[in-house]
Amino acid sequence: MSISNFPYLSLLLFFPLIGAILLAFIPKKDTLIIKLFTLVWIVIEFLISIPLYFYFNSGTYNMQFVENYSWIKSLNIHFFLGIDGISLFLVLLTTFLMIPAQWSTWEAIDKKVKEFNIALLLLETGMLGVFLALDGFLFYVFWEFELIPMYLLIGIWGGKFRVYATMKFFLYTFAGSVLMLAALMALYFIHGHFTGIYTFNLVELAKTPLPFKWQFWLFLAFFLAFAIKVPIWPFHTWLPWAHVEAPTAGSVLLAGVLLKMGTYGFLRFNLPMFPDMSRLFVPVIVIVGLIGVYYGAWVAMVQPDMKKLVAYSSVSHLGYSMLGMFALNRIGMEGSILQMINHGISTGALFLIVGVIYERMHTRLIGRYSGLAAIMPAYAVMAGIFVFSSIGLPGMNGFIGEILILVGVFKKNIWYGMLLAPAAIFSATYMLVMFRRVFFHKPKPELVELSKQGKLKDLSLREFSYFIPLVLLVFWIGLYPNAFLSKMHTSVNHLISQVHREAPAENISMLTGGKR
Amino acid sequence: MIGSTEYIILLLILLAIGTIGVIIRRNFIIILMSLEIMLNAASGLFVVGSGITGNMSGQLFFLFAAAVAAAETAVGLAIAIVIYRKKGSVETDKFESLRR
Amino acid sequence: MNSPILFYLLAFLLIGSSLMVVLSKDIYRASFWLVGFFLFFAGLLLTLHAPFLALTEIIVYSGAIAVMIIFAVMLTGKYANFELSGYSIAGVLIAAIFIIEIMLIIKDVPEFKNFAFAFASGSNARAVGISLFSGYLFPFEITAILLLVALFGAVVLAKRRKQ
Amino acid sequence: MELVVLLILIFPLTGFLINGIFGRWTKPLAGVVASAAIVSSFIMALAVASGYNSLPFDHIYYSWISSAGFSVPFGLRIDSLSLTMLLVVTGVSSLVHIYSIGYMHNDEGYSRYFAFLNLFVLSMIILILADNYLLMFVGWEGVGFCSYILIGHWYKNPAPPKAGIKAFVVNRIGDAGFIIGLLFIFTHFGSLNYTAIFNNTSTLSVSLATVITLFLFVGAVGKSAQFPLYVWLPDAMEGPTPVSALIHAATMVTAGVYMVARSHILYSMSPISSEVVASIGALTAFFAATMALTHTDLKRVLAYSTVSQLGYMFIGVGVGAYWAGIFHLMTHAFFKGLLFLAAGSVMHAMDGLLDMRKMGGLIKKMPHTAVVFIIGALAISGIPPLSGFFSKDTILAEALKLNHPIIWFVGVVTAFMTAFYMFRLIFLTFFGKSRVPDEYHPHESPAVMVTPMWILAALSIAGGLVGLETAHGIPMKNFLSSTLGFPPAAVVETNDNLLMIISVLMGIGGIFLAWLMYIAKPSLPAKLANSVKVLYSGCKNLWWVDQIYNFLFVKPLWWVSHNFLWKVVDVKLIDASVDDVGFLSAFTGKTFRLLQNGFINSYVTWASLGVVVMLGWVIYSGGIR
């Protein structure tokens, strides 16, 4: 590639960090310059990430734009960056979602604006680091690094119970990632013991599957760490809290990107490195995933608080993504990755929608609203688009992901597919019921007189402008998904071939009693 | 003939008595005294040890222990005096400001 | 020198004096018993053929430490009190179990009937001096500093503030 | 040719975009723009129809989804079946659009209404012209979405949005079944394309075919409001009447019939599922007719009659006479659309009143609507020479010929009931003494509403001729069988004109009974009602189906998820256990803090306790040796 020797990814990675440092020099009080500077910086970051898409060679599955400098020689840890079909779109999603996230908080955040924006930029570096790092240790460093700004975002600028929520979020995820650290170390030594190469290099580690016994424990440890992050059903209770208390930008990024790290972790660690276990654990994960899908939908149906509703819908959507992933076939996998991107866009947008009225009315309770369509028609249309995109209306992005996952799961096992298909009914119910309660019926008297006082204005130009790119993306994926799918094919094929490898014969399969 | 076991048993009994002294008595000075007994018993064991192994370091250790005991008692008593001056008594249950 | 009678006598005296220190109502009497204890302990060291140590014991313990304690006793008022702390039952119990455990353990410790008192031949002081200044010179220096620090500490602590 | 076909799609799309985005500014013209879009699309359809001998036309415009092994192109296909549907859909919708200009005249959601009406027609056309099942599904859900929006058009009052959600969710239940059928097809055939599937059905076992067709039929039941999932159609009457006319009479609800007809090869391969289709059709026809007997709301009666007529179509398609089903679909689109538009004009005149008990003798005030209404009623009751007679009679004849006597009998009885409730409606609203409360002053609707009605009336009359027995077979039958294939030979020997006489008699009998009860002796219905008390109240309360569904499904699901799933499982079990872990560490911290109580004695006690315990452990583990 023409720009192969140019340290492209590290520029992409550290550009926000530089922004954060420069931001420190701007005086605290002129907030407009701070906001403007951050926005411009984020937009430049997005522009930097766009060539990634065009220069990406979808022919080969191995890593591209690779940068590999040795970092800690003694432990053979490298500063190893690279992307492939799987992480390409997650990186683009991150840089893309940062723009509406930051732009939506121009009015919302008034206290400590400078620190807020610095935290946002640090968060961006952390997130990008997780998706770009190909060295286990570096992955872990960025995995922890992005927790801190998120902790601050929720903790300082959050809602009433922010301290409880952020503490819970931080400790819960931290417990998972500590487990992951232990597993990483174990992996490092076991892999070294069996193959003589002591390395954290993910590509290297994925080459030789470990004996069965070790695979079991390592898979379990990584599974737990990522299950908390995804979140998979039993480990999800931190999500509604974190979302309810997070500021809009925090929610958008939390739902849009942070949750994808969990699923991405599965794609980088669990599936390629522990193939036998991934195949063995499919029924377990399918059951948990199905519970997650239905549980998320049903519980979302009864939530009084809009953000909690959308949070539980994320549990449901990511349950879909997990099912697609563990169908262990190419269609399901591509559906799962596309579902991650769709979820990032539609749920991120839904949080922006909730943010808009939260800014005006300072309440998220559905009961307090009614008949907004009459008062804010443009807002109602925008909300409608994203509600229907998250339901999976054909012609929009949600549908493509769902169909691919359904086909993948169905190919894997007819019964799983048949159990999954009716879930779309419930995902429609809770969204439409919320939509009706908030937007239809006569507006409440207090809303009417609020709009008379000019408090309930329709979408301002600023707000309108950060929704437009999201709407375009929703319809672009809906009508022409091949722009995204074509880039994934080779990487997904490689991953699938990795998952279906047999572990070396000498490991007597502990669990299946040697019935291999 | 007196073997090493009798010595060890004696010294350990003394150690036990010293411990009882520290635990039971409420008076800080008495605690210091019983502490001295314990220290003495312990260093005695060293001497017996050096007797068994024939290596001189045991006895030397007795000397060092003695020096440390002296230093420790000095500081202990200084504290006792300061507490007495502040609290008016040397009872251990009086000074429990650490509780809160 | 190490006839059994002497040993048992000293043992009895030692246990007696230490019990008196621990259980006496009056601090005064306790401090005197403590001095006695140190002296009997010096005797015990003699039976262990360690005359130099016995002398150091007399000088350091009964000479310096006991005197200090008596000073402290006088400074802190000498009313007699014999209250047991809240943990007395626990203390006695623990000591009893401790002693039983020693008995159980001690039976497998090898019996050294004839103490090979290698240094019984030459003078104990000489042997101590040689090894002190050859192998243990460094600890010796450190102990000196320790004593100095303790000295300053005690003085600074006990000095009467001017408020 | 490709461009022409694409234009059929592009016109409604542009209509939608213009009205949708620039709605506020194009308010007065919205109706005209929308109707122009649909009419031009109709003209394009005619252009395609003119060159119909070059059918079937199949063209792939771009590859929509091409994931590994699952490639779905955006391809359109026109053959005789989709051409008929296309003409019916675009024709009727253009008439409805023109009618709506008048009907929705001073509605403040004017441009939004026309935008989504155009989008609806677009999705319907996609559904019809799709050349693979997934694209059909796109149209399938798109139509559901538009019906949700259009039913909930007057979102200010509470009922329409609820009805909209009910429609969308019930459709979604059907769609779930449809998707599963679709997945079965894909896993077996490796592609969703019609031609690919229908060319190698030999590999398909009968049992798999039955499974596929049954699941697809679940989708059809959801969409075409058949027995278990019909509850949403009567509620859908909350929407504006032209919407009901277009969506809930002519186009959307017929999608299920079209789908079954389109996959006729699969259905003919599995006798069980066609039996299921026919019997569900018959059951729904009869059941819905009973509910229409006693209803007093003008539009609801028509809604139940639609459900019942759809039952007829499914009988036709179920017994194997696919062309008869489609033929009835076409004629039904004409006369039912007409009836709804007429009902709309009555409603428009009585500004929103629908209760028949407050009407009567309107013929004097609304002659056109009345006459047109009567024509529609005659057509639906199957009185020759109108279209209803031909299509319904053929279905019944085919049913009997293909040895489904019970279904034939149910069909005949339902025909009698249809005639009865239709003319009950006419006598109550248009004849007899006027019970109109004085504040209403009904007047004839404007020309822009009446003309489309007259056109539809003409079609209702002439529509049947296509099904007339001519020298070389029935033109409609030959035309459709190029795609649907000829129905199997008759199994049971019947003589056709006897059948004709029976069905005509049924029609006239129904009319006479209605005349007897509502004009001659108005007291008769009351007497009859309390003589068969239970049956009457059953019909009156629509057999409590809605209440049963609510009681069995909606309420428990809501209760379970609220009290159990959320409050108990989520909050108490999982969340609480996470907090307990936090509390645990806090608790242990608290207890050990108590140890630091400042007493030296306690410290030493604990320390020596430690020594004792360690010694004990040494002893326990075998002493020093």
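A, B, C and D are the chain letters, set down in written order, and residue numbers restart from 1 in every chain.
Keep this in mind: a contact is a pair of C-beta atoms (placed from the backbone, for glycine too) under 8 Å apart; a residue touches a chain by one contact, two chains touch by 3 or more.
The model shown is predicted, which means the values in this text are computed figures rather than measured ones.
Counting only chains that touch, the fewest steps needed to get from chain C to chain D is 1. More C-beta pairs in contact connect the chains of A-D than those of the other pair, out of B-D and A-D. In this view the innermost chain, defined by its CA centroid being closest to the centroid of all protein CA atoms, is A. Chain centres computed from CA atoms place D at the largest separation from chain B. Chain A and chain B have centres, each the mean of its CA atoms, that are 64 Å apart. Work out the mean CA point of chain B and of chain D, and you get 95 Å between them. Once the centre of each chain is set as its mean CA position, chain A and chain C turn out to be 70 Å apart. A straight line joining the Cα centres of chain A and chain D is 37 Å long.
Contact with two or more other chains is made by residues 85-87, 90-91, 94-95, 98, 102, 109 of chain C.
Contacts with at least two other chains are made by residues 19, 23-24, 26, 92-93 of chain B.
Multi-chain contact residues of chain D (touching two or more other chains) are listed as 599, 601, 605, 608.
By the document's touch criterion, interfaces exist between A-D, B-C, B-D, C-D. Within the complex, the chain B residues that touch chain D are 19, 22-24, 26, 28, 31, 92-93, 95-99. Within the complex formed with chain A, the chain D residues making contact are 62-70, 134, 137-138, 141-142, 145, 148, 152, 155-158, 160-162, 164-165, 168-169, 172-173, 175-177, 179-180, 183-184, 186-187, 557-558, 560-562, 565-566, 569-570, 574-575, 578-579, 582. Those residues of chain C lying in contact with chain D across their complex are 85-87, 90-91, 94-95, 97-98, 101-102, 104-105, 108-109. The part of chain D that touches chain B in the complex is made up of residues 596-601, 604-605, 608. Those residues of chain B whose C-beta lies close enough to touch chain C in the complex are 1-10, 12-14, 16-21, 23-27, 29-30, 32-34, 36-37, 40, 44, 47-48, 51-52, 54, 56-57, 59-60, 62-64, 66-75, 77-82, 84-85, 90-93.
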